[in-house]
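A, B, C and D label the chains in the order they appear, each numbered from 1.
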Amino acid sequence: MASGEAPQPVDDPELERLYKDFDTAGLLPLWTQRADLMPTVPAPRALPHVWHWRDIHPLAVRSGELVPVGRGGERRAIALANPGLPGLPYTTPTLWTAVQYLGPREVAPAHRHAQGAFRFILEGEGVWTLVNGDPVAMHRGDLLLTPGYAWHEHHNTADAPMVWLDGLDIPLVAQLDAGFFEFGPDEISDRSTPERSRAERLWGHPGLRPLAATGRQDPPNSPLAAYRWAHTDAALTAQLELEDEGHAATVEPGHAGIRFTNPATGRDALPTLRTEMHRLRPGAATARRRTVGSQVWQVFTGTGSVELADRRFEVGPGDLVAVPSWCPLRWHADTGLDLFTFNDAQVYEGLNLARTATDEEGTA
Amino acid sequence: MASGEAPQPVDDPELERLYKDFDTAGLLPLWTQRADLMPTVPAPRALPHVWHWRDIHPLAVRSGELVPVGRGGERRAIALANPGLPGLPYTTPTLWTAVQYLGPREVAPAHRHAQGAFRFILEGEGVWTLVNGDPVAMHRGDLLLTPGYAWHEHHNTADAPMVWLDGLDIPLVAQLDAGFFEFGPDEISDRSTPERSRAERLWGHPGLRPLAATGRQDPPNSPLAAYRWAHTDAALTAQLELEDEGHAATVEPGHAGIRFTNPATGRDALPTLRTEMHRLRPGAATARRRTVGSQVWQVFTGTGSVELADRRFEVGPGDLVAVPSWCPLRWHADTGLDLFTFNDAQVYEGLNLARTATDEEGTA
Amino acid sequence: MASGEAPQPVDDPELERLYKDFDTAGLLPLWTQRADLMPTVPAPRALPHVWHWRDIHPLAVRSGELVPVGRGGERRAIALANPGLPGLPYTTPTLWTAVQYLGPREVAPAHRHAQGAFRFILEGEGVWTLVNGDPVAMHRGDLLLTPGYAWHEHHNTADAPMVWLDGLDIPLVAQLDAGFFEFGPDEISDRSTPERSRAERLWGHPGLRPLAATGRQDPPNSPLAAYRWAHTDAALTAQLELEDEGHAATVEPGHAGIRFTNPATGRDALPTLRTEMHRLRPGAATARRRTVGSQVWQVFTGTGSVELADRRFEVGPGDLVAVPSWCPLRWHADTGLDLFTFNDAQVYEGLNLARTATDEEGTA
Amino acid sequence: MASGEAPQPVDDPELERLYKDFDTAGLLPLWTQRADLMPTVPAPRALPHVWHWRDIHPLAVRSGELVPVGRGGERRAIALANPGLPGLPYTTPTLWTAVQYLGPREVAPAHRHAQGAFRFILEGEGVWTLVNGDPVAMHRGDLLLTPGYAWHEHHNTADAPMVWLDGLDIPLVAQLDAGFFEFGPDEISDRSTPERSRAERLWGHPGLRPLAATGRQDPPNSPLAAYRWAHTDAALTAQLELEDEGHAATVEPGHAGIRFTNPATGRDALPTLRTEMHRLRPGAATARRRTVGSQVWQVFTGTGSVELADRRFEVGPGDLVAVPSWCPLRWHADTGLDLFTFNDAQVYEGLNLARTATDEEGTA
């Protein structure tokens, strides 16, 4: 954004003096920079961008060999840095995305922070994440939550590494200067390895709310620590089958989708991060859509292509896509495509800033 | 309630004339009936009452032999009539409860109404309820919803009868003069017998919301047509196991419970009827509680006793209990007890009329 | 309602025995009374009715001469008893309406109750109502609130009587068995006579919320104890002037209206009673509307007529009208008409039972 | 923020190569910058700062002489640029604040934008702001709203200039890439000069909601275009008087305050900007408070001092103060102090990021 640019050079010496005096007084005139400050449509500095798994994964492996995990750095997480935001480890202006790599038997010690986080599991088996002391198993395709201020720690019980996607609201919280951070103990608080977390045992029954959790204020974060791939897959499968049977169930033809929600409220699982899973049939394509707010997408399985404004990228498993605000986006599936995505849409909804548009097919 | 009683006889002839003139003018003075109109604590006409399954069930069977199901009467449903509300088929002033019996191969034809309803399945197999054309299988222990204005019809595909509990808000809707009723076709609209309804296929995944159902107004009624016993049982079992492991999960020691909720909002499954399932360990007892609003309970499995004010009743499977407003209630389990219950508590919560009290053990 | 009627006489002795056995067991079959229990459209027992001020007022004056006000009877309030609900002092199945008369220097002592109440002032000057100890002046045209559980007491400082309309949710709370009642001290707690209550001084500034009242839960009842006629009148006047100037401001042509709301939430002033003031220009008429739920209207000033289903009544100042659920209603103004009304609509909205219809002009 | 700093220089050539490969791949490791990305408490770049009216006002006057108002620059608004955010015209990371100066007979033409705005009037008379075509008079002490997407234009009917404070959410909307902007006609759409806007005539009656505006979705922005000083002053005066009489009415002793709210919902007048007016008695001081989120304060009348972290500034009429997130803030009144303030607190509340702390007196 050019909003910080200096006032235009002027010939009038009085005006020149005025601008100097503004500067001295800590003031900046609107009239010289109005167009930059208030563009006619969103003009993000962030760029549409694709990161390929074939580039990321080997670097994650090399990090595992070269960089220890431990107190201070806290996590072996490699962030996707948007090329339009140079020097910043931000995937978009509000979303931080990283690939986290935990080697065999490694431990990432407990901490907590105001920032909300999720993990979407890409590869491996045998890591448990403890959320406020509750051990949560991690399997490929699962979504795990570590909401703001929840203590969390990871430990790998296996002899193989594990890799997952980390999504956080770090840039949003940084912009808002709302971050708090606290270290926990260095040792894992509980090394038990239950298949189901206590959170799931309490909250993981469709439509059934524990009575012990009624009568209190609704929790802003989902109490359900994990959303298992088996459920996600079944939900997407059912939508496409229902479509085949002639019933309204999909977002658009050939396009199934679910949102991860807080079972206590039906709203988003986390207050700052919307998380969803989408499935496209082979050959299907989405409408071309623009949305205010930014998005990150990851191909979970399958191959296809993604249109970002006027460019088109071939993508396959593990590839990651950053979509800035108001950038036209369209997905095409070659094989069936399973897509994980997260975004900040509910931030805009709460502020009455949400806006979307669907382009006619074939138009810009 | 004596609120309708005539003004006290008076000796003063002027006062007598005044009261007569009131009557002629369609007026009634407050001062002669204030105490009845506004009691110091709720003074329900409805009485605490127990209906035993051993009495109800044979009558249901006899009805099956003597009374056909069909258009007009609509359902072979036998209502529990509170002895404090003589002549009215109301279990409490707001709740209608009936045992419905559908014989082999019988059909209960489609209708719809403003009144909200659920079915809690007690016995048998092989009936499908269609809710707005969606066939929903019925199994023992399941809870099915037929929300206000939803078309619904039942048909028995089996050679054995089936029995379930019907709960409706008929008395509340009658008092509010809010009832509408409409007949549908006489023929079942769809005789297919899928194991899972479309509603469950779309909504029955814990915490996963179909994207096709986002962006619209939240539905006041749960879109999840059925809550299966397997899930309910698992949720209750988990709570008691978590209690054994030392975690907060139960309502009180030895007492697990879940509420059936609308997955789109986290609120009650139906706007006028709260539905819950409770489980008491062998030997456990609940606190002695009073609540504004009335309740119906049914023993699903197990034996024990229920205290209603100053009386205690032995109860077993199928027995039904009406609890009027503010009546002290306490459950004791001999064997483990599984209890289904429904009430109108959220009506009071919305009107700021909710109130509860827990008695100290041993006190009245 | 005929819902309590006995099963039809039957010839079949087995069936007869079945019905007897039902009766013994505390059961009632649905099939013999379904049509009464679940009518196709609301079939209220309450009747549309008009009470004329010329009949009520003299009786209120005579009551003032003959009946003392004091502890026990509590208030010299004369209730409008719907002729369709014989013996009950209910204006509709949910609304209690009374004319209250407080003689010179009289005191109505403090009490409180679960029932919510308002006062709409018809005649006189010089009474203060204390609401939780806050003295609130009463003037013609004002609306005063005494929400559920608020202590309230009245005292007349003048040498003339005062008359107002009392509206309460007594029938609703009775049906729900939710009433609690408590006596307060016999003596007025504060005899000061400020022109503005503390509630108004804190909350009576349009759009301005006291900071001391932020950060807590929103109050279910309006904290603004009084809505003054000067404001109500100005708001209605402005709507008609805006209409004259060509702007959308009225309910329909010639029909202005305001709702009394809780300034902390924008919702109804009381959770169980909706209160509104309407103004019709001379010659104007409303559409013919049906609404689920019942209403009471009072002519504040002016003359005109009211259509209730297929009858039409001439009405003038002070006349009161009961409108049962789903009864078509239409107002016609001869002179300009100012109409106060209260109803229970938000009860239905919260329970998803609300429904309205506007008839085409000229049709039934 | 140092979050973008390069990884620490390393000796290990393999590690060095890894970091280079990260850079090539568009990746940045967390472990080298975790402490900057996730500080233990908020570490805003924005600085606490005071701008004095004696510096600003002459520059506004000189701008009036040198710079025309017109299409393109749009407004003669001089923004307060936080010294910690060099080159950016942002008072805090979320709030844009400017002094706007409109000369005699000048016109600022119509435009609209996603950004929400208010005007707080400091000096002069005779300007009307049209909001969606509704002319709203501006007087000293008034607060005017021009919500997101509302067309707005200003014209000065007087022979003297007028000065007001502009507050917008420009930095927040810029960070979120949610800005849209549209030019309107160059000519003022309506040159009438009514004393009360149509918005005030409809909505400016305490607790009275126009019936024409019920039954629709609640408006996210306040429909009340102006909050008049007379009301604000009366509300603050009443709180201090109530305090004198022994009643709870103030924020803390000697400190009155009101929040400008949406009368349709009771929530903040604008979804992104909280606006309040505070009054301190002579000699009073506030507690020392930290809040997550940033604030701007302006002295409306009176003199006193403001503590910002460990510095204290003397302030008088017109002086402006920027308070970054989590910066301790304390006000001291010499004379009575009237303070206008706006902030972004409800943004944090909606995202579950709000947090405040009150320091013990005398401690840091």
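Operating definition for what follows: contacts are C-beta pairs under 8 Å (C-beta built on N, C-alpha and C of every residue); 3 or more make two chains touch, one makes a residue touch a chain.
Everything numeric here is computed off the predicted structure, so don't read it as measured data.
Trainee: Just grab the chain with the largest centre-to-centre distance to chain C, centres being mean Cα coordinates.
Mentor: A
Trainee: Taking all residue numbers at the chain C/chain D interface, are over half used by both copies (same) or under half (different)?
Mentor: Because over half of the interface numbers appear in both copies, chain D and chain C meet with the same residues.
Trainee: Determine the centre-to-centre distance between chain C and chain D, using the mean Cα coordinates as centres, and give it in whole Å.
Mentor: Chain C and chain D have C-alpha centres separated by 43 Å.
Trainee: Just give me the whole-number Å value for how far the CA centre of chain B lies from that of chain D.
Mentor: Comparing mean C-alpha positions, chain D is 52 Å from chain B.
Trainee: Enumerate the residues of chain B that touch no fewer than two other chains.
Mentor: none
Trainee: Looking at which chains touch which, would you call it a line, ring, star, complete or other?
Mentor: Its topology is that of a ring.
Trainee: Any idea which chain D residues touch chain A in the complex?
Mentor: 1, 3-6, 12, 14-15, 18, 21-22, 25-35, 37-44, 46, 49, 51, 55-56, 59, 62-63, 66-67, 72-83, 86-89, 93-94, 96, 98, 113-115, 148, 170, 172-182, 220-221, 271-272, 292-294, 324-326, 344, 347-348, 350-353, 355
Trainee: So in the complex, which bits of chain C are touching chain D?
Mentor: The touching residues are 198, 201-212, 214, 218, 222, 224, 227, 231-232, 234-235, 238-239, 241-242, 247-251, 256-266, 269, 276, 278.
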